[in-house]
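Both complexes shown next keep subunit A, but they swap its partner, so subunit B is in the first and subunit C is in the second.
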Partner chain A sequence: MKNRAWSQFCENRWAVAGLIILGIIHAAALFADFLAPYSFSNEERTYSYAPPSKIHFRDEQGSLVPPFVYGAEIKFDEYRRRIYQDKADEKYPLSFFVQGDKYKILGLVPTTIHLFGVKEPGRIYLWGADSRGRDLFSRLLHGARISLSIGILGVAISFSIGLLVGGIAGYYGGKTDDIIMRICEMFMMFPGFYLLLALRAVVPPNFNSIQVYLAIVVILSFIGWASLARVIRGMCLSLREREFVLAAKTMGLSDLRIIIRHILPHTLSYSLIAVMLSIPGYILAESSLSLIGLGIQDPYASWGNLLAEAMGIVQIKFAPWILLPGFFIFITVMCFNVVGDALRDVLDPKTSQ
Partner chain B sequence: MLRYILRRLLTILPILLVMSLLTFILMQKTSGSFYDTLKLNPQISPETIERYIKLYQLDKPLLVQYFSWLTNLFHFEFGYSFFYNIPVADVIGGRLWNTFVLSLASLILTWGVAIPLGIYAALHRNKITDRLIQFTSYIALASPTFFVAMLLLYFASQSGILPLGGMHSANYDGMNIIEKFFDVLRHVAIPATALSISSIGALQRIMRGNMLEVLGQQYILTARAKGLPENRVIYSHALRNAINPLVTILGYEFAGLLSGAALLEIICSWPGLGALMLTAVQSKDIYLVMASFLLSGFLLIIGNLLADVLLARLDPRIRYEK
Partner chain C sequence: MAPTPLTPKVLLVALAFLFFFLTPAHAKPSYGGSIVLTSTSDPKSFNDITAKETSTREVTSHIFEGLTTMNAVTLQVEPALAERWEVSEDGHTWTFYLRPGVKWNDGEPFTADDVVFTFNDLIYNDDIASSSRDIFTIEDKTFKVEKVDDLTVRFTLPVKFAPFLRAMSQAILPKHKLAKAVAEKKFNFTWGLDTPPSEIVGTGAFKLSSYRPGERFVLVRNPLYWKRSKEGDALPYLDRIVYLIVQNLDTAMLKFLDGEVDYIGLRGMEYPLIKPNERKGNFTVYDAGPDFGSSFVVFNQNTGVNPKTQKPFVDPVKSKWFLDINFRRAVAHAIDKNKMMEILMNGFGYPQDSDMSKSAGVFYNPNVEKYDYDLLKAKKILADAGYIDRNGDGWIEDPEEHTVEFNFSTNSGNNERVQIASIIRHDLQSLGMKVNFLSLEFNTLVTKLNSTFDWDAIVLGLTGGIEPHFGKNVWHSTGGLHMWYPMQKTPATDWEKRIDEIFIQGVQELDENKRKVLYDEFQVIVSQQLPLIYTVLNSDLYAIRNRFGNLKPTSYAGPFHNMEEIYINK
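Take a look at the complex of A and B:
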């Protein structure tokens, strides 16, 4: 059964591609410190909005040499905008496994080795720099950590609540069900973004970045659980009439155990699909919040607050690479959608079109 | 039906009350108030601030404040905005209209594009054009509205054909009614398009699915068999039945637009309710937050209720009363 579903899933080439891309993005986020040449806060303000560095493989004579980047010469045009030109006499060879900013691998082993980089004072900007001369490539990788983990954590919390509450409401029915459903309706009665703003207003302004991060996770899951609870409750209402529940009851199992061990597993395939299709919502909500300055705060990076820099027309015009975080949000959302839809086709053929 | 509507309206009342009490307490309990910022302003004397705090009863206990706000609510008075220093209703009224304009524009755009596209895709099922439409819809579904808005703003700035924000041009007051209409239309174009892109993708897919389902029904076969021209089969027999279930989506969508519009209002500096809510939240303008928040909830409920009622009217199988 499981194997059949899996091989059916693999037949959908788009879904497999989506799953692979998601894997790559998540792995990149996990090893962000190592893959990125700089830490998220490493800034060099003279390199404000430096364009992506060109990596050269041939020297002036045209012969093949190890890859290198030129040092930058900064000039100003008549509007006092920076113009970056290559300095022909300053070459910084691109090297691998170089010393750089300190970090801990997976938060455990302290080290300074980065996958690639150039020697100071040279700087390498694979995808350009932001206003304060921080490497966008590094910040995107570090931002992926926050953006993706908020999605996963938020879904994990809201789904635990949603499953449990929905299970309890559906299993007991009657008054309990009524009360729980009224509470759910209360949450669903307000437009998500307004609720988000109202709840964000409650978070004290003196919270530090980690507290704000956790607060956002909590707020997002707080908003998200109700709709899931409703669906699960509907499923449990019919599941509790089945014989195996009666069997479990006669064996004297406790209600909570029946709900968690015997009823909820039957909603697994629906929940799995729902998880896949709701993660994008959390990622988008975090991005929107950070975009308008209420989410993750500088110097910490998330895809949303990286994109906040692209709110100015002038910046986009002269540094179009600052739009990249938007493409990453788009691609991630797209992949989750593709994988979720494919899962639904495989696990729940009734609802697919 | 009337009884059903009344019952629904009655059940939401306690929920609104609980929600308003919660927001009220939360807004008050958190650190900082609107007048804390004013206290730092040397141009405003402490006596003035004291007077305002007295005036707005901010020195009274929390519950007293809440109940005086609540009793005023029944007189349709929503309190005063600290920031604007005028009744909240006056601030919100105009903003609500602006949000309505944006939502309406987006709704017209979504339906005007998605329905014909869905019909076309269903009639050309699995041909190259259909596949193209399905592919673009899928991409549209995944594109974040704020990102679309930013890209559109960028292209608008490059080409210079559309204004980059706001709702009116500077010389709006001097225009006649037709010019005014086109001025607003030009301003609404970018936020409405950004707001519509992903809903077009979604609605198009639903329309295509419905149309395909209806086209497979026996009565379509009958219509064809009795020699009706294909145009009449499709546009008067199939289309009607395919579009019926979508009408309920209209209600839900209109309610949902409010939430989506809020973010776009902020990005495109459209002076709507969402943008107002953001500034109110930031400056802790309590009564303004409460009113916008409750109003948004109320609108969502009304939208959903309308959708349910419409559904019952259109589909005789649905009965809300026993």
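Take a look at the complex of A and C:
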């Protein structure tokens, strides 16, 4: 049964591609410290809005040499546009497994080795620099950590709440059901984004960045659990009449055990689809909060606050690479949706019939 | 006489004359035409007395005038509705002689009654939320305003008040239109946005013609306007001023590049986008010099105790650092002004060292203590004052072994300010201070500043002017905007005491030179004690279409302070 579902899933090429892309992005986020040449806060103000570095494979004579980048000089032209000129006499060879900013592999082993980089004072900007000369490639990878983990953590919390509350409401029915469902409706009644802003406003302002991050996760879960609870409750209402539930009851199992062990697993396929389809919502919510400056705070990076730099026409015109975070948000959200859709086709009996 | 041969020299002179006459700047002013401007928000009303927002002032500044006006080029006070004035020996009594023949734009004559009404019935009326009342109240005492005859008004002041003439640019409103509303106590709601434009009566060069919310408002020429040009032409020249209401500055910029509007205010950041189109778009970018206003870091030096919880507003540990002048001095050396100007303003900026802007003219004091960007020096100052990393964790500790860690905020939404704060944060971090940065909504920030006082350090800005006394609310220790320790009963430090004295003496000193000495001293004290640690100022850049004559853009009043004199080149 499982294998059939899996092979059915594999037939959907888009979904497989989506899954692979998601895998790559998540892996990159996990090993961001190692893959990125710089830490998220490493800034070099001289290189403000430096364009993506050209990696040269040939020297002036045209002979093949190990890859290198030139040092750059920044000037303003008559229109005060930034002009980046390569300094011919400053070459920085690109090397692998180089010493760089300190970090801990997966938060455990301290090290300074990065996958690639150039020697100081050279700088390598694979995808260009932001206003303060921080490497966008490095910040995107570090930002992926925050943006993706907010999605996953947020979904995990809100689904635990949603499943449990929905399960209890559906299993007991009657007054309990009524009360819980009215509470759910209260949460769903508020327009999401304004509730988000209101809740953000009550977060104590002396929180540090990590606490703000956790607070945002909690806020997002707080908003997201109600709609799931409603659907789960509907499923439980029918499930509780089934024989196996009756059997469990007669065997004297406790209510909570029946809900968790016997009823909720039957809602699993639906939940899995819903999880896949709602992760993008969390990523987008974090991004929009950070975009308006109330989410993840500088110097920490998230895709939302990286994109906040790209809000003016001036920046987009002269440094178009700062739109990249938007592209990543788009790709990730799309992949989650494609994979979620494919999962529904495979797992949801109603639509597959 | 034989005709003189045309030597090259004569030819040159002749050519020079030809060009002299062809230059549009010397063309004869002509009537007619309109100018299209933008505003990023709707006015809230057309009531100049209750107006607090610039979007409202933008409209009313064309419609109403005061007894005096400030020449935006020379920064001197000049006559407007008052033709001349006299001051008594003791400096307490001012007599204004009103300009005869001035008419409200509905044809009624302008008289002393209107001036008396504006002060006694509007500004000093307890029922009216007047935004300029504070300026005309000294130590809780109001001015006595009396009519002598139809064209003479006498002001009796409780004390000498040096900025009095500047303050008299206060707009005068018509008694015949508003007396009824005041009697019925409806003035706060009078002249709202739904008022028919013909009801809004002023003496200014223009009058309101139409207003469509969210779209545009139009002002037309006031044919009854009193002012004449040097050539004797009845002003104004322009027929119409059209304000398009746009979403944001980016929209305004695009409309300007499309040729839909005639003017846009720029920042250095936008210069590379606008400047290359100068010829194609037929406009010129003017650099009017440093902005008024300021942007600074402020540390909370409040030593007060919250009356509700009996706890100090600021953690005593942190308070000790913030009160330490060496700590603030080290921070002042960690402000990378050059890079801020380069990154955020494309070089169109000025380092700020003093409360007064360079554009402020006489009262600007260039000889104040300056702090160069030098992290090593900053580190040394901290080390000498006992802030060093004692346990090797990378953060510095004070002599009592507390890690130097504090919160650092600014208001979200102002990208430039957030960037300034981030740059400072980064440098403070490299000094070993653990700085938690958080941008807050503007209103949250204001609440912290003036009622809850639970903040550590903030990056903020204030608007400024050329009259130092109008900053009293910030600098006098009893002031509500005395951010680092507001509303003190008695000055907490000697230098705050001295600043208090300067502000009290300065306002009563009518000799401008003696005033300057006082305010120069004040600026030096501020630069030594660093209650506010200044950062950088923007240049004011204006991009204006090339079809206008008589343009005299200044940083003080923008490009159109002399709107009545501006005409369209034919």
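Side notes on the structure shown:
The definition used in the following text is that the second predicted complex is superposed on the first by the 346 of 353 C-alpha atoms of A that agree within 3 Å, B and C clash if a C-alpha of one lies under 4 Å from a C-alpha of the other, contacts with A are read in each partner's own complex, and residues count from 1 in each chain.
As a convention for this text, a contact is a pair of C-beta atoms (placed from the backbone, for glycine too) under 8 Å apart; a residue touches a chain by one contact, two chains touch by 3 or more.
Quantities reported herein were computed from a predicted structural model and do not represent experimental measurements.
Taken together in the superposed arrangement on subunit A, subunit B and subunit C clash. Of the two partner chains placed by the overlay, only subunit C lies in contact with A:F76; subunit B stays clear of it.
When the two complexes are overlaid on their common chain A, residue A:I292 makes contact with subunit B and with subunit C alike. Contact with subunit B, but none with subunit C, is seen for A:M334 once the two complexes are overlaid on the shared chain. Of the two partner chains placed by the overlay, subunit B and subunit C both lie in contact with A:A201.
Touching more residues of subunit A than its counterpart among subunit B and subunit C is B. Once the two complexes are overlaid on the shared chain, A:I313 sits against subunit B and subunit C alike. Of the two partner chains placed around the shared chain by superposition, neither subunit B nor subunit C is touched by A:R13.
Legend: residue contacts after superposition of the two complexes on their common chain; A:K54 is shown touching neither subunit B nor subunit C. Look at A:K175: by the touch rule set out above, it reaches neither subunit B nor subunit C.
Only one of the subunit B stretches 62-70, 98-106, 134-142 or 170-178 carries C-alpha atoms that clash with subunit C in the superposed arrangement, namely 170-178. Note: residues 201, 205-206, 292, 311, 313, 317 of subunit A belong to the subunit B contact set and to the subunit C contact set alike, using the contact criterion stated above. Remark: subunit A residues 41, 43, 45-46, 48, 76, 79-82, 131-132, 201, 205-209, 212, 292-294, 297-299, 308, 311-314, 317-318 touch subunit C in the complex. Of all residues in subunit C, those touching subunit A in their complex are 250, 253-254, 268-273, 275-276, 336, 339, 342-344, 346-348, 407, 409, 412-413, 415, 418-419, 422-423, 425-426, 429, 436-441, 444, 448, 454-455. On the side of subunit A, the complex with subunit B involves touching residues 182, 185-186, 189-195, 197-198, 200-206, 280, 284, 287-288, 291-292, 307, 310-311, 313, 316-317, 323, 326, 329-330, 333-334, 337-338, 353.
Contacts from subunit B toward subunit A in the complex involve residues 11-12, 15, 18-19, 23, 26-27, 29-32, 138-139, 141-144, 146-147, 150-151, 153-154, 157-158, 164, 205, 209, 255-256, 258-260, 262-263, 266-267, 274, 277-278, 281-282, 284, 289, 292-293, 296-297, 299-301.
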